[in-house]
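Have a look at these structures, which come just after this line.
Two complexes come next, and they have one chain in common, chain A, joined by chain B in the first and chain C in the second.
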Partner chain A sequence: MAVEVIMPKAGMAMEEGTIVKWYKKEGDQVEAGEALLEIITDKVNMEVEAEVSGVLLKIVGKEGQVLPVFTPIAYIGKEGEEVETETTGKNPEQPEKKEKEELKKENVSVSEKKVRATPAARKTAKESDLELRDIKGSGPKGRIQKKDVLSLRTSVNKMTPLAEKIAALEGVDPALLEGSGYDGKITKEDVMKQIGQRTKEKGKPVKGKIVPLTPMRKTIGKRMSDSFFTAPTFTLNIEVDMRKTKEMKNTLKAAIEEETGFTPTITDILVMACAKNLKKHPAVNTAITEEGLLIYDDVNIAFAVGLEEGLFVPVIKNADKLTLSEIVTISRELVSKAEHMSLRPDEQEGSTFTISNLGMYGISHFNPIINPPNSAILGVGAITDRPIVRKGEIRINPMMNLSMTIDHRAIDGAPGARFMQNLKELLEDPIKLLT
Partner chain B sequence: MREITYAEAIREAMSEEMRRDENVFLMGEDVGLYGGAFGVTVGMFEEFGEERVRDTPISEAVIAGAAAGAAVTGMRPVAEIMFMDFTTIAMDSLVNQAAKMRYMFGGKAKVPMVLRCPAGSGTGAAAQHSQSLEAWFCHVPGLKVVAPSTPADAKGLLKSAIRDDNPVIFVEQKLLYRKKGIVPEEEFIIPLGKADIKRKGTDVTIITYGRMAESVLSAAADMEQEGISIEVIDPRTLVPLDRETIIESVIKTGRAVVVHEAVKTGGYGGEIVSAISESEAFDYLDAPVLRIAGKDVPIPYNPELEKAAVPSVAEIKEAVRKVMNR
Partner chain C sequence: MTTGMNKDYDVIVIGGGPAGYAAAIKASQMGGKVALIEKYKVGGTCLNRGCIPTKTYIRNAEMIGILERAENRGIMINDPDFNLDMAKIIQYKNNVVNTLTDGVSGLLKSYGITVYIGQGRLKKDKSVEIDGKDIISGKAVIYAGGSKVSRLPIKGIENPLIMTSDEILDLAEVPKYLTIIGGGVIGVEMAEIFSAYGSRITIIELCDRILPQMDKEISEVLTKILKTKGIRILTGARIDKIKEEKRGLKCFFSDGSGVECDRVLISTGRIPDLSAVGELDFKTDKGRIQVDAYMKTSIEDIYAPGDINGKNMLAHAAFKMGETAAQNAMGENVKSNLRFAPGCVYTIPEIGTVGLTEEEAKKKYDDICTGRFNFIANGRALSSGETKGFVKVIGDRKYGEILGVHILGPQAAEIINEASVLMSSEVTLEEVSSFIHGHPTYSESFMEACADALGRSIHLPKKLIKRS
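Up next, the complex of A and B:
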């Protein structure tokens, strides 16, 4: 009996993968553990290995095809064995379809479990295209009342007064709009987008070529949109005198180079300072979850690595427990893996706070977008010599802007500001990092 | 505006119609010289004479049979059954004759009679003199059933009932006779089959008729303090029933309670609830529709038990809280 090769699920969030390249062709002898093909997930490229030895009897997943996880993509068996699969002689798309149908059936059987809901709740849910089983009932024995549906629906269809007015003036049906504001509120931008689309449909198309979005691009897009349109954010800016930190970095340079083989960077020191400061300010080391505010025990700091291929955000786990040398070593390893596209999914998951440094491009300051599920992200600007006033005298010191974007659902202004204030103190007097 | 009692309003309606149409006459036990067991016809014997205000033997079968016969031969009798409980004795004439004739003669016969029925509990008259049997008549096609809750409604509806060419059962709850209310001095009629919204509200619709309307309105006033806005609808006429007004209100509020004094099982409340759930209003219901009605027992003689056998304001409030999930 032939053994299926399936699209693997390489990480909790992976739902589909793209077949990049088959290393083997039908009829090839393969050994258990041998790489059969390369796939790309929304995060990484990876190889799929044969789980058994035998002959690659049939390949059903074609290069370039995007397939849901667990879909059979090939079969391995004995020489000359017939592949007894649903796919024999059929379009390889079909197993996928069938699986989806089965999935649907399962869903139906779930929904057929009786939901307690009043007729009014049922009608309202139907009108609003909401599934009753997604709604929590507030009535006796969990009975779903009309108001339960309404409260969900209003959160779906809320509009700002301005958006409402523009929509009415321009004859835009709010039902067609997707709200991008807080709690799914439809904003002016959403309405304008719809109007823009309408005009686009009417007018001549503007020339250009379309580059299909890579899975990574899609993921970045989705995560950033989710973050940007869900979290009500504000940004705190602070100017830091980096003279002493720079001095410290130069002092430690030789020792760390000798120990690790790498030169320490300002980002490394920032990771250390943030980790220390997050321990002191647990309110910033949080995530908004459905159950409530999650205050992390660990301090795992993600840092953004921008490459041609896209944006990677590897995570330095338990950064608060690491020495500067350890931070330097781990971060260089992660960057190198990112450059070689070999970051494992687990090396990009589990962050509790994120640092994004664009200083090397001369950016003075910027508003980063929160990396969910974090509640805050620190944007780091360039260090430039600037005149500052110290004790009534003008001096020229290396100055740096820090900007922290904060999810106001999790963190208020004052705690955020205290975090920034203490971070500034740590960086202006880095000997305090030793405390 | 002047205030008069429910009994006075009924007397006015009958007197006005008798002055207007010589075919209208009264009959019943002691309605003549004595002025009626509850004093409703006081003074009418003097004004209209014994020909038009006729005392009958103590036989409900005779009263109903004679009324049906007089009606079908062109008179407009207004007959009184002193206690609605004894309509049981009049049933054959009402159900098999009065209700059927217009249909069985292809519309050629008319039966323009009114049967006034003092009804209900609260007078310490025990099980055989306290019943509310309106549902019995609602079940018979060909009969119209009216149960007004205020003096003005009683007057306007009785005048319509007298002018109607079909037999009308006119239910007058005995405890209402002494209740006063504003009744216009100028002539007016209220058409049969038209409900009245006694109080506007947005959260719960209570459908009620007869004497329970007062209890419901008092509960509604109390519950306004709790932030619950109750709409009170009095259909006034049970047959034909103004479904539209009820359904429209329930669509608005999404919650309904039906209140009547008559016993719950087989009561007219079931008909109203069915009318709601069969209608468009079903999709708007946000709670089960409740009935608050008389207990399924004969009305007890003991005054405390008698009170307990029919819906109280507290029971009505409790039902409202229940449909509001409070």
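Up next, the complex of A and C:
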């Protein structure tokens, strides 16, 4: 009998996942352990592997679909095998296919209660005065989705061919349009009005093309807006003299290279310094939860890796307990995995604090946005030689700006400032990292 | 009787032309009690002095042309001479006109519309006085006064040998030399008719080309066609005065030179006929009563569809405007969209045009494409010996919208309706070129021109330069 492939639950918090891309198509031979498709959760992109070998008989989860965990998305079985897509849970002896189809039809026509539809689809159908039983569902098990309702609504709201073409080219959702033509037919004028509203401030429509948001882009967008619009934040800036840290890095360079094969970076030292400092300032190593303020025992430091495809934030676990060499090794491994899109969910979860370094681009300082559920994020600027005054004398030292954005619900100004002050001390005299 | 809530009618229509009678019938269809006031005969300019009588004459010109060309095709007429019996020609035309005006009267009667024959005049309280006697009042007035021939301030224009389109249609004797001042639609149609009747024609046009409002290529090709018929065309020329001399009339240009002829036709356009304005003070622009798309004037409950508002002085535009006015007078709220009203010129061959000219399209759209199909490559046209002319299509490259269609050729005034309908339905170039057209028909050329705009006409040679 065919084996279901389900939307996996990758991480405790995961409730639903989006299908990004199918690597295999129906009829393909697959081996156990082979990647079948890519999904994205609210945190990570990941691959779903085949648990058994066989033929990919049927794909029911479509690309772009958002599905709850444990929803069947495909079936693997023997060549030519019939797929039992109905999870009837009844008699194991299957009724004839024909009968089954009739049964399905009956289910649909007998009563609306039995029509499978998402709540959004039901709501839209009700608003649009459409009967659910008139709509063909494209979701799993024929479930009617919102887009099915919208597409029917569009076909009910007739459009002229030109209006249809312009709407498609300009990415205008016909469901939003009010038809002014005969019997509510949508005309060019209606579409242009919508486009005009979109670009109201400019007299002429601004030229450009629409690139659909990738699932990753959507996830980043959602997480960042959630963070930005939930947390009342403020940012603390401090200037750090990096002369001694740079010296230390150069001193340790050969030894670490020999040990790990990698060159240590300022970010590595910052991970270490932050980890040590967070241990001393547990107030900064926190998260706002529904139950209350969660003060972490562990210090897990996430660091932002910007790639063409988007942003990854892998996590160095228990960073306070690691040597610099260990930090170097782990962080290089994580970066490499990010570049190959092979980070595991657990490697991107569980952070308690985040570092984002844009110094390599010459950025002097910036306001980072908190990576939830963290309460603070450290933004790192470029190290530049600047004149400073030491004991009444002007010296030229390598200086760096640190900016920490803090969720004021969790951390007040003074504890945040003390954290920054101590971090500055650690970096200006890195021998203290040994304490 | 004229004041207070007791109105005689729901709608009073002034003018029995296309705008007026269409408005009256529409209002009646919607349940209104309607009166119509006409000063002459229902049917207006179109039926009595315009579209219909000229088309009767154009058909005569076409038949003369067919007779002349018969020999080419091997149809030998033994005595090739023919004469025109002008009295009979006029009678035939009048019969056609009367059949149609009687038809309109019958339509109005069938709807129970009260028709008053007389000069209407609007009074301050929006009631209407007829011939200074009866006064009727209505909840709304549809003022479809129409238009009249405009007479330019040319010295000597009052001479009785100088005609307008009103008089020339009843001319009993074909002039040997006819000078037509104004190379617009009426001018070129009359040139065709009287050229076929045997007059030697000179057209004098102020602009740099005849039919100056049309797409340039239409003007250019028509100029060539008219010239091969022996019609003289003088463009960029202004007549200052007309003098009667011993041998007839002489039209003088500003430089003192002139054109001699027996008769002069003035066809320099038409202006709104405001003879029924009476005591009301409408907002006007260059003598046209200003209206919005709902046909509402500046005075509440008075609508002004048709020529009187100057928006589009064509009978079919007037039908539409008249209906719109009636719907709104009866409480609806609809607009007239005249964008896709075709324009037809009954030259030989005909002209049909709708939408933007190439020049207009270039100004309004960033990237246009044009397609062209010459009738010489069309099977029906070739078989019929009607090979002159072309179909030109202008489209917006980005969305494939058809922006303008300009046809000079056989049945152009019929084919243009297809273009107009498709444009109103917002059908794109891609689709038109995929529709099956009967073969052989003239209208295949329209489909081919649409395909050519996309660079994929089947019946045109492969393009040497690929359209980008």
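Criterion: the second predicted complex is superposed on the first by the 260 of 435 C-alpha atoms of A that agree within 3 Å, B and C clash if a C-alpha of one lies under 4 Å from a C-alpha of the other, contacts with A are read in each partner's own complex, and residues count from 1 in each chain.
What we mean here is this: a contact is a pair of C-beta atoms (placed from the backbone, for glycine too) under 8 Å apart; a residue touches a chain by one contact, two chains touch by 3 or more.
Model, not experiment: these values are computed from the prediction.
Of the two partner chains, neither chain B nor chain C is touched by A:Val172. Look at A:Ala121: by the touch rule set out above, it reaches chain B but stays clear of chain C. In the superposition on chain A, contact is made by A:Gly139 with chain B only, not with chain C. Contacts of A:Thr160 after superposition on the shared chain: chain C is touched, whereas chain B is not.
Considering their complex, residues 398-401, 425-428, 431 of chain C touch chain A. The touching residues of chain A, when paired with chain B in their complex, are 118-123, 138-140, 145-147.
Looking at the complex, you find that chain B touches chain A at residues 254, 282-287, 325.
Every residue of chain A that touches chain C in the complex is listed here, in rising order: 160-163, 165-166, 169, 187-188.
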